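Following this line, the structures themselves.
Consider the two complexes below, in which subunit A is the common component and subunit B and subunit C are the respective partners.
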Partner chain A sequence: MREREAPPVPTRTVGRRRRFTRRDAGVIGVLLGIPVLLDVFVVWGPTLASVVLSFTSWDGIGDISWVGTDNYENLFTNYPAFWPAVRHNVLWLAFLGLVSTPFGLLLAVLVDRGVRFSRFYQSALYMPVVLSLAVVGFIAQLVFSRDQGALNAVLGGGTNPTDWLGDPDLNIWMILLAAAWRHTGYVMILYLAGLKAVDPALKEAAAIDGASERQTFFRVVLPTLRPVNIIVGVITVIEALRAFDIVYAVNKGRNGLELLSVLVTDNIIGEASRIGFGSAIAVVLLLVSMGFVVTFLVQEMRGEKNR
Partner chain B sequence: MTLDTAPPPTRTTAVAPVRSRPRRGPGRFGVHAFLMAVSLAFLAPLILAVYASLRPYEETSEHGYFSWPDNLSLDYYQQAFTDSGMTKYFVNTLIIAVPGVLLALFFASFVAFAVARLRLRGSIVLLMLFTAGNLLPQQVIVTPLYVLFNRIPLPYWMSDSMTMFDSYWAVVLVQTGFQIGFCVFVLANFMRTLPQEILEAAIVDGAGVWTQYWRVTLPLCRPALAALGTLQFTWMYNDFLWALVFISDGDKLPITSALNNLRGQFFTDYNLLAAGSVIVALPTLVVFLLLQRHFIAGLTLGSTKG
Partner chain C sequence: MAQVSFDGSAVPGGRVSRRSLLRGAAAGAGAVALPAVLAACGSGPGGDGRTIRLGSNSSDPVPKKAFAAAFAAYEKQSKEGRKVKVNTVDHNTFQENINRYLQGKPDDVFMWFAGYRMQFFAKKGLLHDISDIWGSYEGFSPALKAQSTGEDGKQYLTPYYYYPWAVFHRRSVFEERGYQAPGTLDEYIALARQMQKDKLVPIAFCDKDGWPAMGTFDYINMRTNGYEFHRRLMAGEEAWTSNEVRQVFDTWRSLLPYCQPAANGRTWQEAATSLQKKQAGMAVFGLPHPGQQFPEEEQDDIDFFPFPVINPEHGQDAVEAPIDGFLLAKKSKSLKQDKVMESAKDLLKWLSTGEAEDIYLAGDPNNIAVSDRADTSKYTALQKKAVELVSGAKQISQFLDRDTRPDFSSVVMIPAIQSFINDPKDVDGLVNGIERQKKTIFAAD
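Then we have the complex of A and B:
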């Protein structure tokens, strides 16, 4: 696209002149073709199929019959698990975005100040990130379980201990804590890398101009972290929408831990096998995430042009 | 510790270089106290899991996980390996993750090369196709793939279920296809930072596309490939959903998904589960501690450019 508009640069002509012998074209065809086919087969084809199937009442075996927007109407009006799941996903997003992410930024700033033992802090804070979310879910049970859990032992629960994971009003918060445990370290590492890339001369100039440390951070450093902010934002949204493993490991996403991702999975691998209906839930997820993904890509590609 | 002696920047890590500029003031102590407290809080659940796994269930059911031990043993680890066959699940994970990582890196590196270096028309579209694909929630693609895999027949020597469903092929294929997106994004960013002159010199010398890719560009990408490989292995190892949906035979599950098998239907021995969790977590923790630099580089390559 922009290829054609660009005036022919001398360096370009070197490539142009002996551009792609037949062997070259073959190599490109095969090695570009296979991954593209794979991406279409595994990712984009199924995405499209999900959209199409969401307008059917298919059960995975019989004939496919069209039901228009029935699935969506049912989903919004008489599927009891739907709105709680939406609320939980939104809560997940808000918690990661408003609590966990700023906390990760704070930790990054503190570690980046070059204190002693920063290597230890960095490793300790980051360690949960390499754990599988399923493992995090199991560890959460050790901490939060009603009768023998460490939390109740510390609080001295008494005769009527709190059932942190069993109480449907409470458990989502505990799971959010566990999810944030992992997310914070992830965010911290991204910001640490970003902070390292900030030109120290900028900070020095701000200091000479008499800016306080706080002013320097918010007016000088944070704006230069914009690319990292965007990545962190996208990761936060995607993580919040994809959330699945941790609640599934705790109680298969029931009793207060419903999530959209769990509802999709339940509708296909359960006995019901309501493919059409499950697809409609997936499409809701898709639409929400696409909003953010497209914004991110537009940013990315704009940067691409300025490169 | 004294505040004035700033540590000499001997071991600068990839991420947090030790600043030589000394800082003073009362804030310094507060920062340490805060970071130490948070670090310990972050490590505490892991330590608790290890501790619980070393104690018999009767003991913790009576006194709770937060109590002094009467006896400590490795019995649960032995039980996890012998009765529950964790070794088998480890092998399953390797069967899936090793080809997955290698294929994803190989294909993604060529796509990234084509996008970043060959200046083909439509490169940006290609890059967007892969990047956006990796950002979709997995549940969006799970349903059609489940149906599809059930309908793709495979010969018996490839899959004893005779279909793509319930075979390692399905999981490897999905892992590879899904993760190529992330690898393309990271590698394309990395390849753009390589000097174009090297490639031009090779072209003048008459190198074809394959040589430009395999002999000229890939060797320069070694640090990025190492970083991505480490990261991808951890991700594929940790994956839970794909195997859960595409594999029905419990014996074929990879280790993360098999962890559920340690859970009893009526009674769950959480100490055994803790031992299982530690066993599952150990390889990624070891990879992280040994290859921390690579691991972090992999995550940050995609986010900060240049």
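Then we have the complex of A and C:
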């Protein structure tokens, strides 16, 4: 990027300084204090507590005893569900990011260009977005169930039909399809809004300059969609990391559908909770999420400077 | 949780000034805090000590109604005018929150399960010892007493009903084809082969929910190694890498070719349906399971035989029959009052009678009474047979997930059995994995 001349920094004139009355200060204090307190108690408190508890063997009843990094060692070496869960989370991210999101963009472009029945497609594709992912999971079971599912009824399958949801090599893909069904519509609607806002004059100018449609899209339209791209990227990452409800609805996130979020719940919720161990998994999930959040923030701040 | 509506803090007047908005916001914040304050005040029952609060996990309509009938009968017969205030929570939610429930503000009496799952909380000091009234209970077998007793030798549970597990089938199918109920494993396999020839799936099989296949594991284990081994294995005292356990998995593997394939994708409802549709010949289930998938006019066609003998030394001594019952929560505030305690114990005593069980079972015929004083004359043929099965048992087990630490059964055993069903060949890897995890979990105490 070319260096631009730094714009003159407006120096703030310290002219009219307003004094706050005691009452105003109180109001500000309360108004700022409530969110800060909420933030501390609802967000930071539990987060720090998780980190602390991850070094204990607390079972939710009785005394808390320190075990050092035992939970983490146990997690990495001795917990068969952990690495599959990590892989599935990465797969989830990759699938939503590399398949579902571009597909949503493609659909948005098609609908935006006004193919026939575009309104119908638009609403049909948007429909699943209003469903909760848990509901999408229930629908997926109606479709993919081996014995009574719609898909096997259509395919026939003979005496030994495919076990879409029970086969651990297969079910994650089926669930990803179901999750993408919803995600694609979500992404499409965001991009549609963005595309509507693109100044047509830009496209005309590109056409006059002799740009092909492809070039126009990738060189002119897509860069103007930058804010939307960021939102879509953030949503995709969030959706991938918080994925939980759909796999839990299908088979409690077991047998091929393990995710970090499920492992946390499995260990913490229940009669005899392994809160210490579950917290260790939660901390891993936290670190992964922080990785993305920090990367994103750094990018954003750099972008802000360059703008 | 109570939802707080902010409508109450409406802004007065037409123009919204900053101050009135603030006042509204403050009122709103107060409204958020208020329920918590109210809850802290505690809503204990009236001071008369005659109201017993009861936490129920029976959220399904049939048992919920049957329990309501039983409590109504109790209130009616109570000369002191005692009342039962039932607090019903969704079954799974209750189960998942039991830990926090018992430590927080539990009801006086609550419903729970017998065996290890009761002992676990007894050991943590969350249950009231009821040995004093247990002595006066009548009509309970020694096996029942054992299942109501904590590790310290005191009783904590008033058992109410149970539902045995067995191999279920359709009577008409067996009659039509001339099948005989098998007594031994060899006969079982021979029957399965015959069914295969007759184009039936011999054994309906499911484990999508993670627990149904545990019944098969338990039976093969108890028939091979006996109840005592089952108990020690579940208590973490035996190694999963032992030859005994390997043998269980080996036997199970030899049965898998006769089981419905792809069990990990099938719920128990779907498996029971294939039994009902005569696609499958047999299935290892608990008493309520086939009943719920068979239409009313076909209920009489459900039949069962006990799981076949594997090792003659243990025969068919043990029966898997989970027991549900009532317990007193130690942390209940109102139980600290002698009068409430008296009322609660009075309720438990009444619930231990055959009569009380009759009233419940009239509304929910998918279980059988624990007391031998219960009136069995109105039982269905299937229930009568179930009573025979249980009363002939030398030992009663409670199902894998009730006989061991809940975290071990859910975090280790469910995935382990599912992976065995996916890949039955790798028994070594399987039992080594279970043993390693068992050690860390059982060491946590």
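Heads up, the rule we're going with is that the second predicted complex is superposed on the first by the 272 of 307 C-alpha atoms of A that agree within 3 Å, B and C clash if a C-alpha of one lies under 4 Å from a C-alpha of the other, contacts with A are read in each partner's own complex, and residues count from 1 in each chain.
Just so we're on the same page, a contact is a pair of C-beta atoms (placed from the backbone, for glycine too) under 8 Å apart; a residue touches a chain by one contact, two chains touch by 3 or more.
Computed from a prediction, not measured in an experiment: that's the story for all the values here.
S.K.: Output check: A:Tyr248 vs subunit B and subunit C. Expected answer is one of first, second, both, neither. What do you get?
M.R.: first
S.K.: Once the shared chain is lined up, is A:Pro80 touching subunit B (first), subunit C (second), both, or neither of them?
M.R.: Second partner only.
S.K.: Using the superposition on chain A described above, determine whether A:Gly60 touches subunit B (first), subunit C (second), both, or neither.
M.R.: A:Gly60 sits against subunit B and subunit C alike.
S.K.: Considering only the touch criterion stated at the top, classify A:Ser145 as touching first (subunit B), second (subunit C), both, or neither.
M.R.: After superposition on chain A, A:Ser145 lies in contact with both partners, subunit B and subunit C.
S.K.: Give one of first, second, both or neither to describe whether A:Val234 is in contact with subunit B, with subunit C, with both, or with none.
M.R.: Only subunit B; A:Val234 stays clear of subunit C.
S.K.: After lining up the shared chain so the two structures overlap, which partner does A:Val36 touch, if you call subunit B first and subunit C second: first, second, both or neither?
M.R.: A:Val36: touches subunit B, not subunit C.
S.K.: Given the touch rule stated above, what does A:Leu93 touch, subunit B (first), subunit C (second), both, or neither?
M.R.: Neither: A:Leu93 stays clear of subunit B and subunit C.
S.K.: On the A-aligned overlay, A:Gly185 touches which partner chain: subunit B = first, subunit C = second, or both, or neither?
M.R.: A:Gly185 sits against subunit B, while subunit C stays out of touch.
S.K.: For A:Ser279, decide between first (touching subunit B), second (touching subunit C), both and neither.
M.R.: Touch status of A:Ser279: first partner only.
S.K.: If you tally the residues of subunit A touched by each partner, is the higher count for subunit B or for subunit C?
M.R.: Of subunit B and subunit C, the partner in contact with more residues of subunit A is B.
S.K.: Just which bits of subunit A does subunit B share with subunit C as contact spots?
M.R.: 27, 31, 34, 60, 145, 147-148, 269.
S.K.: Flag every residue of subunit B that touches subunit A in the complex, lowest number first.
M.R.: Those residues of subunit B that touch subunit A are 1, 6-7, 11, 13, 15-19, 21, 23, 28, 31-32, 34-36, 38-40, 42-43, 45-46, 48-49, 52, 60-61, 64-67, 107-108, 110-111, 114, 118-122, 124, 126, 128-148, 150, 173-174, 176-178, 180-181, 184, 192, 196, 200, 203-204, 206, 208-210, 213, 234, 237-241, 244-245, 256-257, 259-260, 270, 273-274, 276-277, 280-281, 284-285, 287-289, 292, 295-296, 299-300, 302-306.
S.K.: Using the touch definition up top, name the residues of subunit C that touch subunit A in the complex.
M.R.: 22, 26, 29, 95-96, 98-100, 103, 117, 120, 124, 126, 208-210, 261-266, 270, 273-274, 405-407, 410-411, 414-415, 418-419, 422, 433, 436-437, 440-441, 444
S.K.: Considering the complex alone, what residue numbers of subunit A touch subunit C?
M.R.: Spelled out, the residues of subunit A in touch with subunit C are 27, 30-31, 34, 57, 59-62, 74, 78-81, 145-148, 160, 163-168, 171, 251-252, 254-255, 266-267, 269-274.
S.K.: What residues on subunit A touch subunit B, complex-wise?
M.R.: Residues 1, 3, 11-12, 14-15, 18, 20-21, 23-24, 27-28, 31-32, 34-36, 38-39, 41-47, 49-50, 53, 60, 107, 110-128, 130-135, 138-143, 145, 147-150, 152-154, 181, 185-186, 189-190, 192-194, 196-197, 227-228, 231-232, 234, 238, 241-242, 244-245, 248-249, 260-261, 264-265, 268-269, 275, 278-279, 281-283, 285-286, 289-290, 293-294, 296-297, 300-301, 304, 307.
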